[in-house]
Structure formats: C-alpha cells, structure tokens
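Data first, discussion second: the structure below is written as structure tokens.
We just call them A, B, C, D and E in the order they show up, numbering each chain from 1.
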Amino acid sequence: MEKYLYIALFAPFVSSLFSALFTATPKKLFTGIIASLLIFTSLVSSTILLIYLFKGGEPIHVEMMTWMATGDLYIPFGFLVDQVSVTMMMVVTLVSTVVHVYAIGYMDHDKGFNRFFSWLSAFVFSMMILVMSDNYAGLFIGWEGVGLCSWGLIGFWFHKESASWAANEAFIMNRIADLGMLIGIFLIYWNTGTLQYDGAFAAFHTLDPTTLTWIGIFLFIGAMGKSAQFPLHTWLADAMEGPTPVSALIHAATMVTAGVYLVIRSNELYSLIPDVGLFIASLGTFVALFAASMALVNRDMKRIIAYSTLSQLGYMFAAAGLGAYWVALFHLMAHAFFKALLFLGAGNVMHAMHDELDPFKMGGLKKVMKWTWIMMTIASLALAGIFPFAGFFSKDTILEAAFADHHYVIYGVLLFTAGLTAFYSFRLVALIFHGEERYKLFGIHPHEAYRFMLVAMSPLLLFAIIAGVFQEPFFHMVEELLRAHEYHIHSHTTLWIMLLGTQIFVGLAILYAYKKYARSGIKVPDGTSATENSFIYKLLINQYYIPYFYEEYIIRPYRELSAVFWQKIDIKIVDATVDGIAGIIYSTGEKTRTMQSGNLSTMLKWMVVGLVVLLSLAVIFGVTVRYSDGAASALSGLGVM
Amino acid sequence: MLSPINISMESLNLMTLAPMLIPVVGALLILVIDIVKGGLHKSLYVVLSLLFLVMDFVAIANASGIFMTNGTTLGVFDVMLIDGLAILAQFVIVGASMLFIPLAMTHKRFHEFSYPEFFALFLFMIAGFQFMVATDNLILVFVGLETSSLALYTLIAMHNRDKSFEAAVKYFTMGALAAGFFSFGAMIFYALTGSVEINKIALVLAANGYADIGFVLVGVAFFLAAFGFKLSLIPFHTWAPDVYEGASASMAGYMSIVPKIAAFVVAMRFFEFLVHSGIVWLDVVLYIVVVVTMTASNMWALVQTDVKRMLAYSSISHAGFVMAAILIGTTQANSALFLYWILFSFTNLGSFSMLWMSRQKHLPDHQSSDHSYDKFAGMIKTAPVAALIMGLFMLSLAGVPPFALFWGKLYMISSAVTGGYTILALIMALNSAIAGYYYLKLIVYMFMKEPVVANGGEVYVTNATLALKTIIGIAAMGTIFAFVAINPLLEFITAFVYNSGY
Amino acid sequence: MFEAVAFYLFAFLTIAMFYIVVTTKQALYALTALAAGMIFISAFFFILGADFLGAIQIIVYTGAVMALYAFGMMFFDTTRDVKEKQGNKYIIVGLSTLAAVLIVLIVSVPMVSDNIVALYPVADDIGNVQSVGLVLFTKYLIPFEVAAIMLLVAMVAGIVLAGKKMDLSLTLMSGEEIEDMKKEKNKKVLS
Amino acid sequence: MEIGLNHYLVLSTILFAIGLVGVMKRKNLLLLFFATEILLNAVNIAFAAISHYYGDLTGQMFAFFVIAIAASEVAVGLGLLIVWFKRHGTIDLDLMTSMKG
Amino acid sequence: MLDHILSILIFFPAIAAVFGFAVQKDSMRAYGVAVSAIEFALALFLWYAFDNSVSGMQFMEHLPLVPAFGINYTLGVDGISVFIIILAAFFTLLGIGSLTDTPNVKYMIITLLFLQMTMAGVFAALDAIVFYVFWELSLVPMLYIIGAWGGPLRIYASIKFFLYTFAGSLVMLVGMLFMAYFYYQATGYWSFALLDWYRLVLPETFQLWLFVAFFFGFAIKVPMFPFHTWLPYAHGQAPTIGSVILAAILLKMGTYAFVRFSLPLFPDAAAYFMMPIAILAIIMVIYTAMVAYAQKDIKQVVAYSSISHMGIIILGTFALNVEGISGSIFLMLGHGVVAGALFLLVGVIYDRRHTKLMSEFGGLAHVMPRYATIFGIMMMASVGLPLTINFVGEFLSLLGFYQQSHILTLLAGTGIIVGAIYMLAAYKKAFFGDVTNEKNKNLPDINKRELFGLIPLVIVAIWLGVYPKPVLGPINKSVESIVQLMHNKSQTELAKSRIPDLTKEKVVVIKKTVIEEEVH
C-alpha cells in the first residue's frame, strides 16, 4: 500500500514540476492534460487507499527520511494514511482533478496557462502533505505551502493591483495565524518532547489542563487564519480576485478547510479541553451567522459564494467544537463537493459574461446556459440543505448535534443561518438565471461553457446529489479514530419536527428569494433606493466596516509607524548619534586647531602655561601633603596606583 | 694638597665609549675629506656615513653581547652607563639612522645634501643621542641632548627654504626654553639630593622618604615640561607640526623616531623610580598628559589637509600612546615601549619616505601644499605599487593586524591591562579607532577618488632612486612580515629591559 | 654682613638689569643691560667662591656671547625699533608671576638637606680652579669632550648657516636651473 | 642677617621668572634669545649657590656646562637668524607664521 | 595535505591574488574563476574529509607565532565552522563567476581573493589573536570594494563601515587581552588559544565585564540594534558583489563569534545577559522589519531584512540550548545563501537600469519572468517558508528560545509576519502590476552569467531546506559539546537553570587557579 501513498503524494508534485518547466513559454495544451492525468493518478491512488482502509485495513504509516534532528528534536518526513486523512485525500484529489480538467477550458485564453497548472498542482501537493503528515511540523510545511500557492494563485493575474494586493493580504493574514500555530507547536514540543501525532497525543493525557488549554488556543489561532475565521476573515472575500477554479479548489473545497482538519486531527487534544471546544463552537456559530449576513446584500457573485463558504466553515467549527468531529469532517467533505460545483458554475457564468461579477447585470441566463443552471441550482439546494441532497445530511446532523448537546443558542443561530443561506443562495441563482435578460443592456453575448468542462463538473454534481448516502459507511469508517457517536434525538417526534421544520423554514426562504429576485423589473441598483440607504444595508455591504477598520487602524498606522521608525528614529536618532559622536570629535579638532596659531610667541606661551599648570598642581599637592596627613592618604587612595 | 690621580685604565672601561666614538670619528673624517678635496659627490658621504653607522651598529651589538654576559656596565668614571635600555635605544637610533641616510640619494637635488657638513652634523647628532641614552648623569644627558639638538636644528634649516628656516627657528627657540626648564629641574634635584646622577637621586630621595615632596614635584614638573617638549606631549607639542611640515619629509620621519626614543629612555630612567615610589601626583598628571596627548592630537590630525602635517600629529599621538608605558611602569610596559618604537620606526619612516619620494620642487596650481591629500587622489590608477605600499603603511599605523604596529599596540594595551589601567587601555584602544579615520582618509584619496589632474603617476615617484626604493622596500617588508620577528624581538627586548631593572 | 650687603646689592642690580632687558624697546639698551647683568652675576659666583665660574662667566658671556650679539645686531640693523605687538599682557605677566610665586612658595620653605654628603667636596687647601680642573678632567671628562663636540657642531652650524652657499637654494631650483647655473657661472656647484 | 641658600634660590627664581616674561613678551627674535640667556643664567646662580652650601663641586660643573651650552646656542641661533634676516629683512616673529593649524 | 588543509584554504587565495597582479587584464576573470573554483573544491574536500562523528576540533594545525606572549597560529574546524568556510568559498566562486562588467575588474578579483583569505581565516582560527588578525583584516578588502566600486555615497559608507567595526573590535581586543591576562594569572603562562581559554572558569563579575567588551565587537559586526546603522549605508552603496559577500559571510563573523567566544567563555554572563540581548534581538527583528517596509530602495529592503534575520540568529544563539544554537548556526548558513542570492538578484536589475528605487519598476514579472521566479523563490526563502533553508534555522532558533521565554518568542515570532509584509510589499511593487515605465519595456531577462550565480543558490536553498541533515548533524554534534561545556562551567544558579545539562558525564574543568588535565 505504501507505493500508493507515495503515488498519491508525489504525482501532484511531478505535475507541478513538469508544468513549471514551461512557465516561461507560451501556452502548451499538453501541460494541462498531463497535469490533470497526474492528479487523476493521485485520485486513483487515494481511492485505492480509501478502499483498503474502508475494508478495515490498518492505517499506513511510513517514514520517508529525517528532516530536522538536533538536540532532542527529531522531525521526520513521515506520512500517515488513516481514515481521517484518507477522507481528506479523497476530497482533495477528487476536487482538484475536476478543477484541473475544468481549468483547461477555463484558462484557455490565458497567457499564464502553464504557470497556472504548475501552481495548481503545487497546491495539491502541499495540501496532500498537510493532510498526510504524521506530525505537526509536517503539517506546518503543508500549511505554509498551501499558503504560498494560495498567494501565487490569488495573485495569478498580477497585473491587477487588486489581485496582488489580495494575494499579499491573504499571505500575511495567514502568517499571523501561522505564528499562533508555530507557538502551539513549540508548546507541544517543550511539553511532550515530540511533534509526532501519536507521541504527542499519548503525552497530552499527562499534561495539566492549563498547558493543554494554551496549546489548544494557539493551534486554533492557526486554524482561524487558514479557515478565515473572525477576525482574520477578510482575506477570503478578497481572495476571489484569483481565477475561479482557484476559488473553487482552494478557497472553497480544500485549503480553507485545513483549519477544520487541524481541529479534527487534534481531537485528542480538544476533547480534553471542552472549554476551548465550546469557544470554537461559539465562534464558528458566530461566523456562520456573520458571514451569511454579509452574503445577503453583496453584489459580487464570487464574494457571495465566498461568504457562504465562510458561513459553512463556521458550521464545521461549530460541529468540531462541540466534539462532533466526524460530523464536521463529513460536512467538510460534502461542502467541498457542492461548493466547488457552485464555484465552477459561477466560473462558467463569468466566462459567459466576460468576467462580469455583478448578478444584477445578468438575469435570464438559464436559456443560454442550461447545464450550468441545473448544476448551480442543485449545488444551491445542497448548500441550503434540502433533502435529499448532500447538504441535508451533513448540515442537519450538525443542527442535531447542537440540539442533542443542549446548546440551544447555537442550535437556534445555526438554524436561522440555514434560512439565510437558502435565501442568499437562491437570490444569486434567481438573479443570474431567472428574470429579464438584463445583460443585453451591456452588449454581452453569453455562451455555454465547453462541453468537457461540464463533463468534468459532473462528478461533483453526482456527489452533491448522492453524498448523503455515504453518511452511515463514513461514520463507521472514522468512528474508531474520532471516537464518534451518532447523535440521536431521543424523541422521534422531536426529530421529525426538527427535520420538517428546518426543511419548511429553508423552503420558505428559497421561495422568498425567488419571489423577490426572479421577477422581472429588477434594476441594477444605483445607490438611490431606500434599502440601499438603510443603515443595515450599508453595514452589511461594507462588511461591518471591518476592512475599513483594518485599513484605517492597522495598516495605515503600521505604514506610518514604519516611516517614522525609518526617518525619525533610525536616521534622526540612532544614526545621528553615531555620526554625532564622530562629528563632535571632528568639530572639536576643528575648533581647537586654532591653538596651533603658528605664532612662535603663542607656542612659547603654551609651554609656559603647561609648566605653570604642572607647578600649580605640584604646589597644591605638596602643600596638602605637608599640612594634612589625612589628605595625603586620601590622595594616595585615589586609585590611580 | 692635591694628591696625584691614579686611575687604572681597566676601571675606565673605555670600550663603553666605542659606539659613540665611531660616528664622531666618521664625522671628523668627513670634515677632513671635505677640507682636503671639496666638491665630491654626495654619494661618497652617504656611503661613508652608512659605513660608520654599520660599524656603530656592530659596536652596539658587541656591547649587547657584553651586557648579556656581564650585565650593566659602568665606564669612564661611572659616567657612562651601558645597560639594556642604552643598548636597545642605540639599536633603534642607529638602525633608524641607517634607514634614513640613503634617503639623501634623491633623484632631484636638494640643498642640504650638497654639503659634506650635513653628513658630519648628522653623525655628530647620532653621537649626541648615543651619549644621551648611555648615561644617567644629568650633565651628560644635557650636553648630549644639546649636541644633537643643535645639529638637528641646523639639519632642518639646511633644507634651505622659508618653511624650513621657520621650522628651525621655532624648534630652536622652544628648545632653548626647554633647555632652561631642564636645567632648572636638574638644579632642584641637585638641591634636594646633592647629586646629578639619576641613580643617586633615587637613592637619596628614597632614603629620606620623599620628605620634601613639594620640592620633588616642582622638579618633576620642570622635567616633565622639558621632556614634554622633546616627546611632544601636549601642551609642549606645538613645535611638532610646524617643524615636521617645514623639514624635508625624510627628516621629519627621522625626527619622529630617533630624538623621541632618546628622550623616552631618559624619561624612563628618570620617571620610573618616581612612578614606582607611589607618588600619586605623578600618576595622575601622567595619566592626564597621556590621555590628552593621544586624544587631542588625534582630533587635530583629523582636520589636516596635508598628509605630512597629518603624520606629524599622528606622531604626536603615537608618542602619547607610548608615554603610557612610562605611566604603567611595569617591565612589560617598558618592553612594549621598545617593541612599539621599533615597529613604529619601520612604518613611520616608510610612510615619510613615500612622501619624500613624491616630493616635487614646484607645486602645481591645484595643490596647496607639498603633500596635500589632493595630490594622492586616484594614485591607485597611476602608480598602483606605490599606492599599495603607502596604503600598507597607513593600515599599519592605524593598527590593522597583522601589520607591524598592531603588535606594538597589542603588547602596549596588554601591558596597560596587566598593569591594572583598564580605562586607559580602553582609551588607548578607542584612540586607535579615531586615528583610523585620518589614515583611512589617505587611503580613500589614493584608492577611491579620481585624480584631481590627470597625470601619469610619475609625480609619486618623482624623486625615486634605487636607494629610496630599497629603503621603502625594507620598511614595507618590515611592516608586512613583522609577525615573524615579534617573538625574537620580544624575547630580546624583555630580557634587556628586565636585566636593566626596569 | 658684607655678604648680605653684596648679595642684596647685586641681586637688586641683576634684577634691574634683566628687567630692562625684557622690557626696553631699545635693542641697544637691552644688549647693554644684558651684558651688565651677566657681569653682576659673575659677582655672585665670586661671592660663592666659584672663582673659575666667575671668570668663565665674564669671558664667555661678556666677551664672546655679547660680541656675537653685537655683531648680529649690527647686521640686523635693530636700531630700528621692532614694533612689538603685544597680545595679552595679562597672560604674560600673570603666568610669570604665578610661576615665580609658586616656586618661591616652595623654595622659601627651608630645605632639608642635612644628610647630603658632598661627592666632590670643595677642598679648602687648594684653589677653586685647581679643584674644578681635577673634577673636570676625571669625572666630567666625557661631558667635557662632548661639550667640545657640541661647540664644534655649533661652529660648523654657524658657518654653514651664515655661509654664502645658503643664498642660493638648490631645493627651490628646478633641475634645469641648476644645470644652467653650473654652465653659466662656471661655478663650483657642490654635488 | 645670614644669607642662606634660600636667598639665592629665591633670587634665581625671580630671575627665571623675568626670563619667562621675556620669552613670552618679546617678539623680536634677537631679544627673545636674550631672554633665554637670562633663564640659563638664573639657573647658574642657583647651581653655584647650592654647590657652595653643599661644599660640592658638581653644581659648579653643571653651571660650567650650562655656560658652554648657552654659548653654542648663541652661535646656532644667530646663524639661523642671519639666514632668516637675509631672506625676509626682519626678525619679527609675528611675521613668521606661514605654518599653522 | 590533510594536515594543512586549513592553511591551504586560507593562504591559497592570498597567494593566488598576489600572482594575480601578473595576469593580463582580460584574462583576469578566468583566472579568478579558476582560483576560486580550486578553493571551493578544496573546501568541498574539507567537507569530504570531515569526520561527522567527532564533536571537537579537526584538522588542527599548530605553529608558534609569538610563544613568549602565548600567541600561536592555531587552526581547526568543527561542525560549527566548517560549513561557513565552505559557504565562504562557495560565495567567492559565485561572486567572481557572476561578476558583471566592472571597471578595474582585475583589482576587484584580487581584492575578492584576499577577502576569501580573511574569511577562511576568521572561521578557522582557534587562537584569539589569529582570529582578531583575520577579523580586522577582512575590513580592508571590503572597505576597498565599497569605496572604490560603490555608489555616490561610497566613501562615507565605506569609512563608516570600517571605523564603526574597527572601534568595536578594538574594545573586543581589550577584552581578549584581559582574558589572556586572567589566564596568565591562573596558570602562570600566557595563552591566547581558545581551547585553553575554554578550560578557564572565571568569577561571575569578570565574566560580565568581559562579556560586555566582547559584545561590543561582535554586536557591531552582526550588527545588532542600535549599532546597525552602518549596514544600510554599506549595502546601499556597495557594488553587488560587495553586498553579497558582506551579507552572506562577513555578518556571520559576529554571530559565529558569539557562539565561539561569548557562550563557552562566559556561560554565566551569557545567562545573565540573555534577556537584555533577547530584547535587543526582538527590537532588531521587528523594528528593522518595519524600517525595511518603509524603504524606497529595494536594496535597502534587503539590507534591513538582513538585520532583521540576524535578530533571529542572535535569539537562537542566546537560547543557550542545543536546539537554539544549532538553529542559529544553520540560519547563519541559510541567511547567507538567501541574502546573498537576494543581493545578487538586486544587482541583476541594477545592472540593467542603474537604479534600485522600487518606484522605477513595476510589472517586471511580465518582462523578466525567469528573474521574477528566482526572486520569488528567494523571497519565499527569506520569509522562512518551510522546505527552504531559512525555515529550518528560524524554526529551530525560535523553538530553542521558547524554552527560555514564551512571551519573548511570541514577540520575536512576529518577525515571520512583519518579514512577510515588507518582502511581499517590495515584491509587489517591483514585479506586479503593469509595466508603467517605458524603460522597463524591453529589459532583457536574466542571462547565463547571472544564472551561474543564482541557480546554485536556489538549489542549495531548497536542498538544505528539505534535507538539512548532512549539515545539521555535524553542527548538532559540536553544539552539544559546547552546551555541555557551558553547563559544566556555569556557576550561578541562573546559568545552571538556563543551560541544559546534556549528559551526566563530567568534563573536568579548571577552577580558577588549579589546572587539571581533562579526564577522558
């Protein structure tokens, strides 16, 4: 089985290197094809591993070679394929295969075609390292690696100022979180003496709760950055500057879920510190609502989906925080499928609309883009959690888990958010595909995407529809590792009321969205309507003024402080002190050189002055010594001797 | 009634006179040759002088052999005192003179070398210095000092241009005042102890426990002023920059070494017993003088625009640096003084010789003085070898290892450390850093600037002859490969200084 | 008593003469006063029994040195007053007074020198000149010889400096000028 | 009224101080040389006096050599002055300041 | 040959440099490459012959120089120094190989060869004076390089560089002399040999003072805040090759000396001053990173980033445990490679445009994609991305210091954030966006000669990031022995608690005056 592990891991790497060879050359179609094939190979290997594990095989643990070893520290390149990581591997390879194939079409006309595949495959490789590593340091490699690839891909169209800015923002924000993670890793090392999962997990039980709490907090800070949790969430929406396949793969399906994966992977830790868990759950719930609210009014197609991603990540954290790790993982998987699908659909729309992103400028596209319409509708249904689509199974379980654990506030908020989710998802669908064909005003001639792109998307469509059936087998597979237990609401009545109630609530939200946005006569908002001027609308459209706050109170002061440090402190104080000392010496020389007037008479006077000074000193000393023994001893004690 | 004087020739130890007599004989010979047949080429006199100096050197070496077996020797009614200090100092004096005299073989003609008297006076001067260091009798010190000084004034003036006369007059006048100080100081010690021999003075003072400390200090003050003049310690230094500038570069280099080592030896003989007797006053005063001399002259050197004048101030600074050895007063410090001075003489003579080699008769318009910094701008482009050698000397003077002077500084600072003068050691170290600036300035001009006026580089070797080049080569070799010689030198010097009781 | 009178008389005279030397504006007065002062000093030598020294003082100073100075003065034509711009008189006077006071302060305190044993005692039975000669040609033979060398040096120096050859400066002449001079004047230019 | 050593020493000091005044005050080089002569003569008196009171000849020896030194200094000094005067026609030392700084 | 390989390494380039005067101008570059290639081959041979299992000194050479004063020409390398020597030879080769068209190229190459001598000497010296000789001597070629081939302010910059370092090292010299004197007092004979000094245990107060004296010399060289201001000038004005060598090797002398001198000689003082120095290091990390962010000149950004990284190295060194010190030494190598490469990269663009202002550029990724790629890789290495050489060092340094102080490590860790900020901002300004400046439209991409310098560095940066073991292993071995030595020598409770005890085997150490032979 080990060779499949290595194939799964290194096929993307080979793909990346292969494509990298052609980065500086014009588009070569074969790079896309070969990259896709290699990723597919990885998918196949992952599938084989999945089947192996599913059949009850032992987790595979290999140690490729030593990475760092010094003092007591020993970090190998070790890889572990167990039920959790194989799930992630499946998600990653599957979505990325789809995205690779899709991107062949999507990036068709782009100059950086080859470069794109290089980055994309590099991302897959990093992600594989992240999920397959058997220790925290290896995880961190992947962690930073995906951050790097995310940077490269967000800023893929680097000629756009906004793209490169967003790339840097994403990287730096992630770095802030990475520091937390690094500190968490240090804490683990100095307290357990190892960074291997097995060793560390075993040692956690012996540590005192305070230390564990700190470890938990710092690791979670890491997770917060990667998964864009409040307050480090702003980068995710800005990251939509990248090409849409990137958004689908990285900023919806895989990378952003790495934080969730970290929490799930460290379940042994978090189950020991339920307080931190509760905090995570609360934050997740908050983010779910918070992000959904921003999605309500946004006028950027991709940002709406991004906020929905954020919201769904909140769900996952809520589940993970409450100890329902397997539910979180399952939702992660299901979400990956339908959200990637949604993004790819949005990509089709963008292609058709010549990169127009405002859904108010579209409308009625279902005629031209039938398949896309179907796919996006189904993905939205799945996202909204309508039976029998994937979202229903995963999301409802989270609600059940919250309810079963008697966290009714969390339950209530999540339920409400589910309604919002349904509303904004279908607001989007309605605005894009229904109603009048507003795009004609802008002289755009939309067309359906390439056939093979649609075919490529089909596996995702399939999984978005049927993923729910895997819930039971999945549960059984991961049960041992995640100490999972099924959530059962004790009363069937309650369960049914909840299910139906949720479905009806969500259904109503969908209908409302259709009613409001599928009608004809929608105008492109121009900032005059009453809604647009209401306080809440402004608050939401401005993302609660958080980016403004960051710009105004963090970035700008940092920039100004830097300038002050350089121009005032470094040049005016530190350097000026050094130069000042030299200057004083020099100017003293310059001033006192007049002593050397060149006049012989002055010179003679200096000599006499010297003599007289010496004599005065001699007399003072002599007289003192003669008349005072005390003074003599004091003088001799001056310490010159 | 007057009793007949019975003196055995053996007790006179006339051999102790040999090293001093050789240059005297040489000088007389030169005078006689000139009388018998005038108009002979200067090379004859150069070679003759060199010959006598070599003989002198051999005689000193012979004396050092005697010292190693018999220890300190007194001679000729105990006036002559041949101890380690005397021998070491004579080595430096004669050695430096041997390096100096070939510098007379310039390509251009300068006035002083057209006189046979120049060489005669030069040899007399050496004899004077030798007498000065080889005695502890203040009278002989005084007479020796004046002999050499008078000769030196003349040698400076014989360069025969306005600045050299001015320099000679200034030097002479201040020298006369210093002579007054010296005689007054000697008078006070004579009044105190009834003796003019340093050993006896020390004995008597110690015997009555420095009862008249006030008197002693007044005497010390006068001596300090007198030696301060010779050693160019601030504020008695004012002659030095002007005289160095006025004298020819070769003479200036010579002056920065030989008169000072002679004065150092006398100062060492005189102050060492005072320092050791625990007179706090002397410690404090010397401390101040040393620090002020090092620091202030460094500051003045910073602001000079003429290389020779800069080197003059730097020589003052070096003298102050070395004066610290007398303050510290340990065997290590005194050995360090000699080590430093030997290494210094190579480097400093070398750098002054470089100036000498580039001495023009007529200054071009852009050049304000003989050796202004501008003159050396862009030297690496036109005269790379000369520039490299000059740079080497500058680095050595700045104390950059492994060149000669670094080892001197190392040992000197180490002696301050072992002597317990921590702060002084730091000041000495930091002064080297300040000094680095002006040596660097010349390097900057030579290596990093463009020439002010394009020239073919011949200006830097305008005066070059084989003799000059040889001397510079020797100095350069001595500067670079000093590290090989440090150990034997150190052992030799330490043995001599230690066995002389210093 | 006689000694005291003589001391104070000559002390007064010497101080007065030397005072004139440093203050007068007339160089001739200064020269004369200096000569007079030197002679008065020799009086102290005689009082103190240093006859030889007294004689030397008169011969060397008043005879030789003063003559030299007188020649020099004629040469320099110093009957013209040199206008001496004085910088700051207070510095000069202050410094010297301070110096004098300081030394006097210490010197006026009695010196303790009882235990000094004369190394070369003045013999009562022989004359001063004789005993001086004895010491000079034994103990101080070497300084004496060196002093001779010194005088030789001074003589050579004086001749060289005041000699005619100094009028032309080879240092300042370029190579061509030296060659020209050699040819034109057919003068013996020393190598 | 015994004339003691101190009388002579005080006299010598006073003369020395006068000499110092002359050295500092005089701008005419020739007169300046006079002042240096005064310095040496002042010391000579003291030497002779000490020699007398110790009954020791060393002081007289010293004074003797001081006289010799003074004499040779005059020779060299005058030589220098003559050369300078030949060039510049003056022996005012205020005009002798071509080097400074 | 093995007996004298270190001397050969040191003096071969010097002799070759002297012979270089005789080489004709146009052939000089080939000569330089040949000599430095031989030198590098020798360095590699040194590595080949190096015994990884030995923690102490290897290839020791001993020659009395001034035995009367205890100065001996003693050389030797251990795991700590061997790699820096190799790196120095490596950079000399790359530097000469990728040297662009320079006026007076002959002198430049001769100077570089001399510089190589001094660099090899500093890291191989085991005698304080020999160390000091090379330490000071290294200033001279660098002075010349900056002063003769530098920018408009080159003279100011070169003099400042020289005098500042010179002043600091003179204070250090006084410290060395004191150390030797204490040794003399304790044993009765002079010695400047480092291995002798290692066996001397000083009272704490002496240690504190001597530590401070040495600190001045090292801190200015590193350069530590607030002694760092010479560096931006030196880098800003120096020609590319000068900056490369300065950043890659010369700065490492300071940090290396901390490990070689300050720690083992004064363990108590090191423990005592750990916190103040850590705070200085943190100021270096954050403050200079912010200053770097404010720069307009891309070379200054890299220069200030060097200071920032040196802060991490210092922090790792003063972690006083094996992880931290190993990490800091590894980071020395890492930063050498990365900063060297970055300066080379800046030089590439300077050669084309003769300006380093970022505002002059923009969109270079369009016109020079290869260049942008290599720059990007090196930038990522500089911000410490895992699997690049810097990460290993930074990770270990911070990890090591975390044992000593949590909060300070957290603060220092912000370096990875602020580091990313200025680097990415600079990269964005220069490479992203559209090509706005006409002059940039037709810039040629990186050429072969430049690639010759850069590709090996890229390879090393990634190779050692992925597989640091061949280097980290020997380093670890030697660091362990140093830490153990420090622990054994430490006297105060503070030091005992801060410096870990690795084994229970005791090395017999001299107590004040009595010398005992080491028991094996």
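By definition in this document, contacts are C-beta pairs under 8 Å (C-beta built on N, C-alpha and C of every residue); 3 or more make two chains touch, one makes a residue touch a chain.
Note that this is a predicted model, so its numbers are computed, not measured.
*Asks:* Chains shared as neighbours by subunit C and subunit E?
*Replies:* A, B
*Asks:* Keeping to the contact definition above, tell me which chains border both subunit D and subunit E.
*Replies:* Neighbours common to subunit D and subunit E are A, B.
*Asks:* Would you mind telling me which chain pair, B-E or A-D, is linked by more contacting C-beta pairs?
*Replies:* Looking at contacts between chains, B-E has the larger number.
*Asks:* Of the other chains, whose C-alpha centre is the longest way from the centre of subunit D?
*Replies:* Of all chains, A has its centre farthest from that of subunit D.
*Asks:* Look at all chain centres (mean of CA atoms) and spot the one farthest from the centre of subunit C.
*Replies:* A
*Asks:* So, comparing each chain's Cα centre against the centre of all protein Cα atoms, which one is closest?
*Replies:* E
*Asks:* Just give me the whole-number Å value for how far the CA centre of subunit A lies from that of subunit E.
*Replies:* Roughly 35 Å, centre to centre.
*Asks:* For subunit A and subunit C, let me know how many angstrom lie between their CA-based centres, rounded off.
*Replies:* 98
*Asks:* How many angstrom lie between the CA centroids of subunit C and subunit D, rounded to a whole number?
*Replies:* Subunit C and subunit D have C-alpha centres separated by 6 Å.
*Asks:* For subunit B and subunit D, what's the span in angstrom between their mean Cα positions?
*Replies:* Measuring from centre to centre gives 26 Å for this pair.
*Asks:* Provide the list of subunit E residues touching at least two other chains, using ranges where the numbers run on.
*Replies:* 163
*Asks:* Can you list the residues of subunit B that touch 2 or more other chains?
*Replies:* Answer for subunit B, listing residues that touch two or more other chains: 139, 143, 146, 150, 153-154, 157, 169-170, 173, 177, 191, 194-195, 214-215, 218, 241-242, 303, 437.
*Asks:* Give the residues of subunit C that touch two or more other chains, as numbers and ranges in rising order.
*Replies:* Each of 91-92, 95-96, 99, 102-103, 106-107, 111, 113, 116, 118-119, 139-140, 143, 147, 150, 153-154, 157, 159-161, 166 in subunit C touches at least two other chains.
*Asks:* Mind listing each pair of touching chains for me?
*Replies:* Listed by label, chains in contact pair as A-B, A-C, A-D, A-E, B-C, B-D, B-E, C-D.
*Asks:* Taking the touch rule as given, give the residues of subunit D at its contact with subunit A in the complex, in rising order.
*Replies:* 20, 23-24, 26-27, 93-94, 96-101
*Asks:* Inside the complex, what are the residues of subunit A that reach subunit D?
*Replies:* 593-594, 596-601, 604-605, 608
*Asks:* Which stretch or stretches of subunit A touch subunit E in the complex?
*Replies:* Subunit A reaches subunit E through residues 23-24, 65-73, 137, 140-141, 144-145, 148, 151, 155, 158-159, 161, 163-165, 167-168, 171-172, 175-176, 178-179, 182-183, 185-187, 189-190, 558-559, 561-563, 565-567, 569-570, 574-575, 577-578, 582.
*Asks:* Okay, in this complex, where on subunit B does subunit D touch?
*Replies:* Those residues of subunit B that touch subunit D are 138-139, 142-143, 146, 150, 153-154, 157, 162-163, 165-170, 172-173, 176-177, 179-180, 183-184, 186-187, 190-191, 194-196, 241-242, 245-246, 303-304, 309.
*Asks:* Which positions of subunit C touch subunit B when the two form their complex?
*Replies:* Those in contact with subunit B are residues 102-103, 106-107, 109, 111-113, 115-119, 123, 125-126, 130, 134, 138-143, 146-147, 149-150, 152-154, 156-157, 159-161, 165-166, 169-175, 178, 188-191.
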